[in-house]
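Every chain is named by a letter (A, B, C and D) in the order it is written, and numbering of its residues begins at 1.
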Amino acid sequence: MRKIGFIGMGIMGKPMAMNLIAGGWEVVVWNRHPEKCKELLQKGARMAESPGALAAQCDVTFAMLADPNACLEVCFGAEGVLAGIGEGRGYVDMSTVDPHTSRRIGEAVAARGGRFLEAPVSGSRKPAEEGTLIIMAAGDRSLFDEVGPAFAKMGKMALYLGDVGKGAQMKLCVNLIMGDMMASFCEGLALASRVGLNLQEVLSVLDGGAMSNPMFRLKGASILAENFPVAFPLKHMQKDLRLALLLGDEVGKPLVTTAVVNELFKKAREKGLGDLDFSAIWQVVK
Amino acid sequence: MRKIGFIGMGIMGKPMAMNLIAGGWEVVVWNRHPEKCKELLQKGARMAESPGALAAQCDVTFAMLADPNACLEVCFGAEGVLAGIGEGRGYVDMSTVDPHTSRRIGEAVAARGGRFLEAPVSGSRKPAEEGTLIIMAAGDRSLFDEVGPAFAKMGKMALYLGDVGKGAQMKLCVNLIMGDMMASFCEGLALASRVGLNLQEVLSVLDGGAMSNPMFRLKGASILAENFPVAFPLKHMQKDLRLALLLGDEVGKPLVTTAVVNELFKKAREKGLGDLDFSAIWQVVK
Amino acid sequence: MRKIGFIGMGIMGKPMAMNLIAGGWEVVVWNRHPEKCKELLQKGARMAESPGALAAQCDVTFAMLADPNACLEVCFGAEGVLAGIGEGRGYVDMSTVDPHTSRRIGEAVAARGGRFLEAPVSGSRKPAEEGTLIIMAAGDRSLFDEVGPAFAKMGKMALYLGDVGKGAQMKLCVNLIMGDMMASFCEGLALASRVGLNLQEVLSVLDGGAMSNPMFRLKGASILAENFPVAFPLKHMQKDLRLALLLGDEVGKPLVTTAVVNELFKKAREKGLGDLDFSAIWQVVK
Amino acid sequence: MRKIGFIGMGIMGKPMAMNLIAGGWEVVVWNRHPEKCKELLQKGARMAESPGALAAQCDVTFAMLADPNACLEVCFGAEGVLAGIGEGRGYVDMSTVDPHTSRRIGEAVAARGGRFLEAPVSGSRKPAEEGTLIIMAAGDRSLFDEVGPAFAKMGKMALYLGDVGKGAQMKLCVNLIMGDMMASFCEGLALASRVGLNLQEVLSVLDGGAMSNPMFRLKGASILAENFPVAFPLKHMQKDLRLALLLGDEVGKPLVTTAVVNELFKKAREKGLGDLDFSAIWQVVK
């Protein structure tokens, strides 16, 4: 792998592509709004005219896009990745999508002779910049091995999980825990607040013990300030809880805590909090 | 404060008293089974004949006992602390009890002219040995200030929370979060296991991200091994969840996630898991 | 049994005593506010000066009082039932109390040589007037047999359930179902309302099928009118759910649906709906 | 409307068609297995060769089929209803399907110039035989008015609910209540059983009061016998709860009791009880 394509210059994609340039690869970029590529061109990247043109000239093409629809468009659209992918080339979609979307893209790529990996990540803007993402990859094993050095530049850990779909499943399990843990945190703080404890002191006690974690530190401060700058939108968390519950339904696994937490997040959406950070669940629990 | 009493030489009390001896104070100890005091006597402590005799000769007496009944017996029993406490002396009960027991002891001590603090701790054996407990104190403020240097030897943080009862309330809020968080953790792992993900990899992903915490690391290993050496018994966690819910009921605060988690812990007790570690909730969630 | 005492001339007690007079017994009454006895005196009852004086002259004394405190006062107070009860006399407390209160009264009566039954009822004002209550009796079997004819005048069914405490337990189980069923009803109506169905039509469909029951008919109308005249106060229902859950906790029986419904009723109390009818849970579910 | 078609001679469809014959209409029938039509032919019905042939000769065609797939096949398949439906003819699908299937069929019928009603029913075998079903119709209003006399023979109540989809929504709301109510019933019985009450007596108390309903009578007996002859399969109830929750999710209506009950039904499915009657939820609650 000498020449790498990167599609999607958003909050996540741009710093990820930067890290690849810094790693010494020849990088070709594409973004729906070309002006977002400027900084990368200054660092030595070149720009392709379309996802298809990009895929046709690169050994491996990475993508980091907003949602399943964007992924489908970039892949199946006119001048999409499929138009350029060919025998032996690789496509690595690092966006967060559902397993069904992922499988659909993977099958189309394979049908053209290409190789596919889904590779959603854990971590947001800062880990993307610092190259400390956690990468949950699934799909073509030879491609995973081949892109190892690139993953090593973008993340601090890259796991190979098996068939396409396993990456999305891993992400749902992790987000389920994140949603439930946030509701748990808020219920404890809500009780503390109601009995008149100082919430800053509750946070200190939590931070001094075995439950101490960066999320409680970061979101605890948001909650005390009742200010919820969006890092992960509440409506997306509720969607992930719904998908996790449906996955549980498919495989016959009851998840009663999660079911209740999902209803709390629905309640928050009902109250118009869907576009705030998911820690705004505090507003319905407090 | 020159002369310190310490009652209760259990898993927690013994290392705490050791740290006080190491701090240079003159320490007098008492334990129901005197042989447990041996190691402390070798380090220079002296032994009293009864809690009352101990309290009568010390400026401040600390206690670390198993449960509310032990605390009541040591305080109100024949030759109990009350028999020795007097004008200006201090009594600091660091055991975990309910607010009602705590208030009853505090009032009796005050009636004899003594000063009282409840001071439950967060942290178990290891932090006790290392002097890194978190101390949640409530009661007499002058006594809190006076015992500051002793708290500093036993813990890494000591909070003064207000009137007697606030310490117990803080502990319930913290344990509520711990119980709910454990159930959340287990539901995510259970779904992951059912869809065929490798649980060790799920733990790695969690540990690499914003939710990373010592409890997931420690208990995650227990869960994968399905071996639950008791650090905090499941039945005690269920009791704390019940008390937290009743506290919520008293102050009119609904806690729906906690209510469901409490039923899961009851289910575990119903299955005979009450004496295992609270992470054995895994057995009913998986 | 020729001479019957009746203590408590409230909404329930008065019509119950009336039915006993109509049954041909000699009835002696007592009420904290004597003026409430007037109507019964006109029908031929006599009035006693105190619960004790009443119990001393009657073969069996019935009571129908507001709450555990009233029951304890009438029994243990100065000139209370205990002062008059004696060898072989009977005391039948038909109030709704917890098992502990019931057992305490039963033991005191037995210690004086008397016989005791707890006998809470299912049904409110109208069944009391019409003599169609359901009587859940527990305690002294010979007394149960002896008062059979009196129960037959007051109710349409009288069950003997065993030791004192069983009557209260039966009532908690029945009220648990009632509370959960009301929440179930409201959730179905809430979804129907949100999708734009006509709630009157939903009620018609329910009433035409296997779930058809008087409670849905009566409370359905309240809910549609959003008018909740109090028949059974919401705060009492929440208290019964709490007691049922604690009973489940004691005997190791998890009840997860009930746990969630209890939190909904707490939510309603938090919103200030505690003194309305328990069907006002609609206000938090809708 | 003189000539009526009826497709589907199952447990429900056969007695419904019988009632139409008894009502004096000329009835044409069709069933995938023609031998099931025998009894109806003896009563004077005629048999068509295909759904399409049937629809082509009848003013209105009714269908009562097992599930959405059967409905789609009968409508869209070769020689299906669509092949015969034409200008002004009516099609009334009384099967229970989801709103999306219903709308798809309705649109196809309308595109051929036909008129469509969805008309799921409440009630099972016995009400079908006795002509006492409850019919929840939605779609073409003129068709609803026209088939009124036929509905009157098959049911005791027929509601017109509006656009296609409303019938299915009504059914989901009703089944949500039924599922939740069954779980409520079982939790009360489970607690009663655990504390040693006689369940037959609990049923008697319930049946004597405001909650008295045919479902508790019928299913209460099943539960006591722990014998669950299938009237409505548990897995179908769980599916309806899932659909009701997803409907709530779509319209932003949290339903926390239902969410928990759905998990109980999933638990029952996990235990292999899916093909038993839905009252077998008892096995996981008890």
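Methods note: a contact is a pair of C-beta atoms (placed from the backbone, for glycine too) under 8 Å apart; a residue touches a chain by one contact, two chains touch by 3 or more.
A quick note: this is a predicted structure, and the numbers were derived from the prediction, not measured.
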Chains touching both subunit A and subunit B: none
Gap in Å, rounded to a whole number, between the CA centres of subunit D and subunit B: 57
Euclidean distance of C-alpha centroids - subunit B vs subunit C, Å: 42
Where subunit D touches two or more other chains, by residue: 248, 252-253, 255-256, 260, 263-264
Pairwise touch network: line, ring, star, complete, or other: ring
Pairs of chains in contact (touch as defined earlier), listed by label: A-B, A-D, B-C, C-D
Contacting residues of subunit D [partner subunit A, same complex]: 242, 246, 248-249, 252-256, 259-260, 262-264, 266-267, 269-270
Interface residues, subunit A side, partner subunit B - complex: 122-123, 134, 136, 156-157, 159, 161-162, 166, 169-170, 172-174, 176-178, 180-181, 183-185, 187-192, 194-198, 201-202, 204-206, 208-215, 218, 244, 247-248, 251-253, 255-258, 260-261, 264
